[in-house]
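Heads up, the next two complexes both have chain A, just with different partners, chain B and then chain C.
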Partner chain A sequence: MARKPGETIWSDAGRWLMITLSLVFVLFPIVWLTVASLKTRNAALAVPPELIFTPDFDAYSRIFSGGFLGAFQNSLIIALTNVFLTLLLGVPAAYALTRMRGKVQENLSFWLLSIRMAPLFAVILPLYVLFKSLGLLDTPLAVSMAHLTLTLPLAVWMLVTYFRTIPEDLDQAALLDGANSLQILWLVIIPIARPMLASVAILVFIYSWNEFLLAFILTSRNAQTVPVAVASLAGTMSFDWPLIAAVSVVSMLPALVFVGFAQRHIVSGLGSGAVK
Partner chain B sequence: MLTDWRFWFSVPAVLALGVVVLFPTGFLFWMSVSHWILTEPGVYFYGFQNFATLLNSSAFHSAAWVTVSYLVLSTTIMLGLGFAFALALSRPGSPGYLRALIVMPLVIPPVVAGFTWRFLLNGEIGFLGAYLLPAIGLETNLLASPVGALFSIVIADVWSRTPFMFLIFLAALQSIPRDYYEAIRLDGAKRFQEFWLVTLPMMKGAVSVAILFRIIDALNTFELIYVMTKGGPGRATQTFSLLGWKIAFQGFDFGGAAALGVVMVFATTIVALIVFRRFMRSA
Partner chain C sequence: MVAVRLQGIRKSYGTVEVLKGIDLDIQDGEFVVFVGPSGCGKSTLLRVIAGLEDASGGDLYFDDQRFTDVPPAKRGVAMVFQSYALYPHMNVADNMTMSLRLAGVDKAKRRERAAEVAEMLQLSPLLDRKPGQLSGGQRQRVAIGRAIVRNPDIFLFDEPLSNLDAALRIETRVGISKLHHTLRNTMIYVTHDQVEAMTMADRIVILDRGVIAQVGTPMELYQAPANIFVAGFIGSPKMNFLPVREEGRGDGKVRFSTETGEAFELAIDLPAGEPIAQLGIRPENLAIGADGQIGGRVSTVEQLGSESLVYVEADKATFVCKITSGATPKIDETVRLVIPEHPLHLFDAGGEALPRHTHSSPR
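Presenting the complex of A and B:
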């Protein structure tokens, strides 16, 4: 039996030790946060920590009474709008990129990749000025549009990789049947790509949901998102640790959906542009 | 002709990115040479005054130093950990849920990552900072000391971003042809030699890509630091993006902040070119 790449340096015991350690490192903070969200204010601050306690859901009810429902609503609207815009613009673009040849295609692809490399800070000030002059500051639409800087290149990259695997013969066959380009995309390509589109949508949703800096700069009160709410809570003097923990736990729900649908292309889609 | 038609499908996306990326980047250059104070009326051409002021300020020098040390420290640790995670999980047949669990921090809002680690490392009530570390004789409030705060941020960032390296390395490891290992084993190579002579050389391209994306990521890091230390104590964790935010939204000097943005664009471009030149050609 030939050894496989992963076996080259780890023995079996070493490998499992490594896996266990990495899982502890990754999961411990998440577990700890969840536990803290179920404690009363005093219990959360106890040193040494109480390991056995009665779970208390008061922090979660304070999410409602403290007015954080609006932030969740905003985040949801912003992320969903962004997913819609990203797919609406990204799917045809990715399809075009895989069916085009030559210089234009190469340049467009390179340009899309290079957008991933622009420092976010470079676009923030101009976007702030732009949305301010359009009167769109502190609206969900502004944040959704700004998030396109992150999500559109991501979606196009994931989709290009996938569309390449759909043979062009299918296009040709549909063309012979009298379909036009739009019909080919809508009736042939998109139905085939449906599982992939779902993965892209999940990932784009997560990106938009998690994003902080653009949402932070472009909103003040009305369109505040969940990450911005967490940050402003963590900036107050009287710390309500369990409440922040509870808001954080709820904000991790999309991440849990991600783990639940741990299909290969969602996971590897995270490295899009880097992992070819 | 079919091809011509389909070309137009890319136009809306290109236009949209023109509005949210291309135009802003161009506009940034104009802002950087303007006298643009948000609280004062009137915007006028200011030459390179913003750059002169910025490059001569001690805040810029300390931010450069902080950004570089944070970048080097976090990248080194992430490369090592990401590689180790990937090696442990690269064997075909490792369950997919393990991979997804390890990747989970990457899909958790970085704000939450920052808050969680601030909570854990807190010197008065944190499980690590007030309980575990003192129990092994380390009685320091990490977040309150300059070096400790930088380390705290690195730890939280490592937790949050190592999965990205893990993914890149995992994909690269799995694409190394099995024959290479068989060939070198027939030549009598030991395990360590397999790793040194096959695995590492084959990973060169992936490592350079990982470093490149890491540099971009590190320059963009904002919320983690904002939530954990707000750049403090003093300027100990004030990186370029934190400094830029302070100049723009606390000092209201949009011209000065734009100058910093331009510097960041150039820095990223230069680094990207070096990495591409040096590694991509051979990879």
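Presenting the complex of A and C:
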């Protein structure tokens, strides 16, 4: 890292210390989980922990034999459905909120966000009753829609902030070019907002992928997600620590792949050159 | 090519009335410039013509057909925005031909048309670049190209030069004038810069707080401003104003006194009516000489090469004289200002120009 004028070796050292501390803070649990997943059941709980050991892949093979693939499939379907629905509904909603004038629009975006202010428990019971009467309990769709109630306001809020930075001259230029509102959104706004759409997709995916409480309440067997499945491993009598660790490690992979894929769309400076 | 008629156009935002009833006829193929200070309503008026703003009242006609409620895309107008408003994710060719794409024209034809217009604007090597890779002047030309591609009846320009540097501004100004000469379309151009207005316009519309202050050719506005606002707006440096009290008139002469007690007489022949409250003298008509009517002290001298601007503090105000020949006075020198009898602009207490008898001859 190049030193700026006026900075001493101490400001460099301070900066590196902060970076190292944050990295340790973030990465330690992951490293620890990965190490634990490669130990035997006894070794995993040994105090002091063994630092040098022969890795044991037994836990990973049990993921495939132990019926976890279904949970992975459910999680993936739920998260992707949620991402799709959030963007499908959130993008037009946010666009309308930024481009329509009036008191109603201002208040609407506030009320949309207000659902996030309520504790989750206030939402769970009504949702449970609702999905029960619709016959959707224990289906991926129910969990997706429950997640949607939380991710949609978040997405709208983020997108509204971004859409406001896109000059309205562009809409009007497109209007004069003969575009209707949907064409303006599709041909002008969405391509410009691609980095933000990618960010929203990442956040929504990660939320859905890791969400526990709603998935736990709304599913029992068929639609169980990975976090719920992991929790169910922690029984009262036995505690299969390597398996829990292995599932957790594997469960990070789809999220990493998705984030890596989406992140390619976050190209900075795409919006520059529109005006001036 | 289309003639435009505005009839009682009004526009309000809530309780704020931005346009207070605009009546205007624009001839087919005319280059009309809307000019005025910030907030005078010139851009709003342009946007009403474009259809980007709905008028709160009044009607808009293109060639005697009512267009007040026609959507923007169907009006046959193309607009060049102050910000250019280029689509940042599209290359130059796609930017220019977006309207054709939306009209369902196939890709090969679009490319052909883009190449044709690019040729005209010297943009040919840039067709595959994105706006972010272009200079300000190039972006400006792409924005103009996008308007030309549509082959509109009316071109609308909303302060298109204000983001360019001085040299490029003059170059583009000339370019737009040439374009009008080639295409012969009706063009409406908004600016706050009176030099742009004077140099480009067939006719200038001066707007002041939502009403038309005066309409006329650049020379009409320069030579016979209808009121003190127009007189002060057109011309650079600004016209000098001398508040006076009329002490008496008759016999083709009017006697004046100023606030500081100077008294003088000018041979002005004008019909009976409102008393003169202000004299307006353009810097190029204000001379310095021993027989001047009011005394003052030189505060600043600006040498511009072909001419000098002399700032004189007199009668509690600063007067500017444009001197093109002879000796230039020094700073702090005491001088006398010669108020000409012609061309001299006369205004009543309300700021309206007072008409003089047409037979009054130049000095």
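Heads up, the rule we're going with is that the second predicted complex is superposed on the first by the 225 of 276 C-alpha atoms of A that agree within 3 Å, B and C clash if a C-alpha of one lies under 4 Å from a C-alpha of the other, contacts with A are read in each partner's own complex, and residues count from 1 in each chain.
Keep this in mind: a contact is a pair of C-beta atoms (placed from the backbone, for glycine too) under 8 Å apart; a residue touches a chain by one contact, two chains touch by 3 or more.
None of the values given here were measured: they were computed from a predicted structure.
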First (chain B), second (chain C), both or neither touched by A:167: second
Chain B versus chain C as contact partner of A:175, first or second or both or neither: both
Partner chain(s) touched by A:243 [first = chain B, second = chain C, both, neither]: neither
Which of chain B and chain C A:143 touches, first, second, both or neither: neither
First (chain B), second (chain C), both or neither touched by A:191: second
Contacts of A:204 with chain B and chain C, given as first, second, both or neither: neither
Touched partner set for A:59, first chain B, second chain C, both or neither: neither
Chain B versus chain C as contact partner of A:95, first or second or both or neither: first
Partner with the higher number of touched chain A residues, chain C or chain B: B
Touched partner set for A:115, first chain B, second chain C, both or neither: first
Common interface positions of chain A, toward chain B and toward chain C: 175, 270-271, 274-275
Residue ranges of chain A touching chain C (in the complex, touch as defined): 167, 169-170, 172-179, 183, 187-188, 191-192, 269-276
Chain A-facing residues of chain C, complex: 50, 52, 72-73, 77-79, 81-89, 98-99, 102-103, 130-134, 136, 139, 146, 150, 163
Residues of chain B touching chain A in the complex: 2-3, 5-10, 12-14, 16-17, 19-21, 23-25, 27-28, 31, 81, 84-85, 87-92, 94, 96-120, 124-125, 127, 130-131, 159, 163-164, 167-168, 171, 173-174, 176, 178, 181-182, 185, 191-192, 194-195, 198-199, 209-210, 212-213, 216, 219-220, 222-223, 226-227, 230, 240-241, 244-245, 248-249, 254, 257-258, 260-262, 264-265, 268, 272
Contact footprint of chain B on chain A as seen in their complex: 2-10, 15, 18-19, 22-23, 25-27, 29-30, 32-33, 36, 44-49, 85, 88-90, 92-93, 95-97, 99-101, 104, 108, 112, 115-127, 129-130, 145-146, 148-149, 152-153, 156, 171, 175, 180-181, 185, 206, 209-210, 212-213, 216-217, 226-228, 230-231, 234-235, 241, 244-245, 248, 251-252, 254-255, 258-259, 262-264, 267-268, 270-271, 274-275
